[in-house]
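One chain, chain A, links the two complexes that follow: it is found with chain B in the first and with chain C in the second.
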Partner chain A sequence: MNISNNILVVSIQNEMYDEIVIQLQEQILEKVHEKRLKGVLIDVSGMEIIDPYTLKLLENTTKMIRLLGAKTAFTGIKPEIVASLIVFGNISANIKVVLNVDEGLQILT
Partner chain B sequence: MVKKKEALIDVNPIHVVWEGILLLPVYGVIDSKRGQDIMESMLEKIVDTQSKVIILDILGVATVDSAVANHLIKITQATKLMGADCIISGISPAIAQTLVSLGISLGDVETQATLKDALENAFKMMDLKVIETNQAVVG
Partner chain C sequence: MHIKIIEETDIAKVVQDVMIAASEIGFNKTKQFIIATAASELARNIFVYARKGDIYIKDLNVNGRKGLEIIAEDQGPGIANVKLALEDNYSTTESLGIGLPGTKRLMDEFKIESEVGKGTRINIKKWLDL
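Our next item is the complex of A and B:
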């Protein structure tokens, strides 16, 4: 996790088990609250699998961040993950996704 | 005749019409296999070209019923998850009529009647403006 220009950039490098997601969630929320951050950019390009449940957890995280007055954007979801989420999961994720980190930093500031 | 049809259906061309703008013309019949193929090749292309806007032109689609509409919605949902936006163009009056009378909602998907309008819209989304060179010189 690093902070640039009031934006917290979180890069997820490996698979997320439910406990780790929740741990990460706590860390992010603490950080946003403590530093009064305005945006969180979550880079998930290191994740090989995102199941609908994990997605739900991530979506909930964005809701919590919003309650603290900050915006959230995701980037780097792999095409095959998107395809399987849409085809099998039939999800309606209410998350903001950006094309790359640069665009994310631009949108969140 | 049958062979010709199959050959047409197998191709899913995706054009880069502008830096960051993809055009995906859809022809023929869309079933779940085809819908999935189109989606997958499109997602790969978005990553390859880092495109921001995708125009899905459905002018050549034979019929649009609830199943086809569902595929289209899924494709647009997928583009959103990649961080891109999708515009559906080529909606004819008949298709508009069918969709509404069948009670199918395309949700908040942006739709346009013609490819021209969709392209204009895409330029707007990318903060681009097309100007006549004559005017540019005068202005």
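Our next item is the complex of A and C:
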């Protein structure tokens, strides 16, 4: 986790267990509150798989960050993951996705 | 291959093992993710609804036709109305609950047997040539 221009950049590496996602969620919320950050950029390119439940957790994280007054964007979702989620269907992916970290920093600033 | 679902980290183990098994059979990257997503959903259902159960991953080779089969078994509460559980937007807990129709869409074959008070057995297959 590092902060650049009032934006918290979080990189999720390796496979994630829900418990770790929830822990990370808490850490992000604390940081946003403590440092009065404007946005959070979450890079998920290190995630092996995002199943519908994990997507829901990430969406909830976005909602919580919004309640603290900050914005969230995601980057690095693998095309294979997108394909699986679309076939699975019935998914409300109410999250903002950007092409790369640079675009994310621009949009969140 | 057999994986016991006892704790939440076992779901990630299922995902990893299914990805490896699918890649060894020759499924492309997208199909590997599709099968892993379906398997993850079954493992999660066991963990959320039955607390514990078993996942079996089997290579299929029927008259030269290759594929992957995943069986999810538990002695949990069972599903009272299987037909309803296979409809979109059906949910008994607020976690997600849309797992079954989505899982069915991801796979080529989907079979479910469930009895209230006894448990649930779900059998899914993906064929390489389809």
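Things to note:
Rule of thumb we're sticking to: the second predicted complex is superposed on the first by the 107 of 109 C-alpha atoms of A that agree within 3 Å, B and C clash if a C-alpha of one lies under 4 Å from a C-alpha of the other, contacts with A are read in each partner's own complex, and residues count from 1 in each chain.
Here, a residue touches a chain if its C-beta (ideal position, glycine included) is under 8 Å from a C-beta of that chain, and two chains touch if they have at least 3 such contacts.
This is a predicted model, so every value here is computed, not measured.
After alignment on the shared chain A, the placement of chain B and chain C results in a side-by-side fit free of clashes. When the two structures are aligned on the shared chain, A:Leu99 is found in touch with chain B, with no touch to chain C. By the touch criterion defined above, A:Asp51 lies against chain C but remains apart from chain B after alignment on the C-alpha atoms of chain A. Of the two partner chains placed by the overlay, chain B and chain C both lie in contact with A:Val87. In the superposed model, A:Lys71 lies in contact with neither chain B nor chain C. The superposition-derived angle at chain A (between chain B and chain C) is 80°, Cα centres, a multiple of 10. When the shared chain is aligned, chain C comes close enough to touch A:Asp18, but chain B does not. After superposing the two complexes on chain A, the shortest C-alpha to C-alpha distance between chain B and chain C comes to 8 Å. Chain A uses residues 79-80, 83, 85, 87 to touch chain B in one structure and chain C in the other. Residues of chain A that touch chain B in their complex: 74-75, 77, 79-80, 82-83, 85-87, 91-93, 95, 97-100, 103.
On the chain A side of its complex with chain C, the touching residues are 15-19, 48-49, 51-53, 56, 78-81, 83-85, 87-90. Those residues of chain C whose C-beta lies close enough to touch chain A in the complex are 8-9, 11-12, 15-16, 19, 29-30, 32-34, 36-37, 40-41, 44, 88-89, 95-96, 98-99, 101-103, 105-106. Across the interface of their complex, chain A is touched by residues 36, 39-40, 43-44, 46-47, 50-52, 74, 77-78, 80-84 of chain B.
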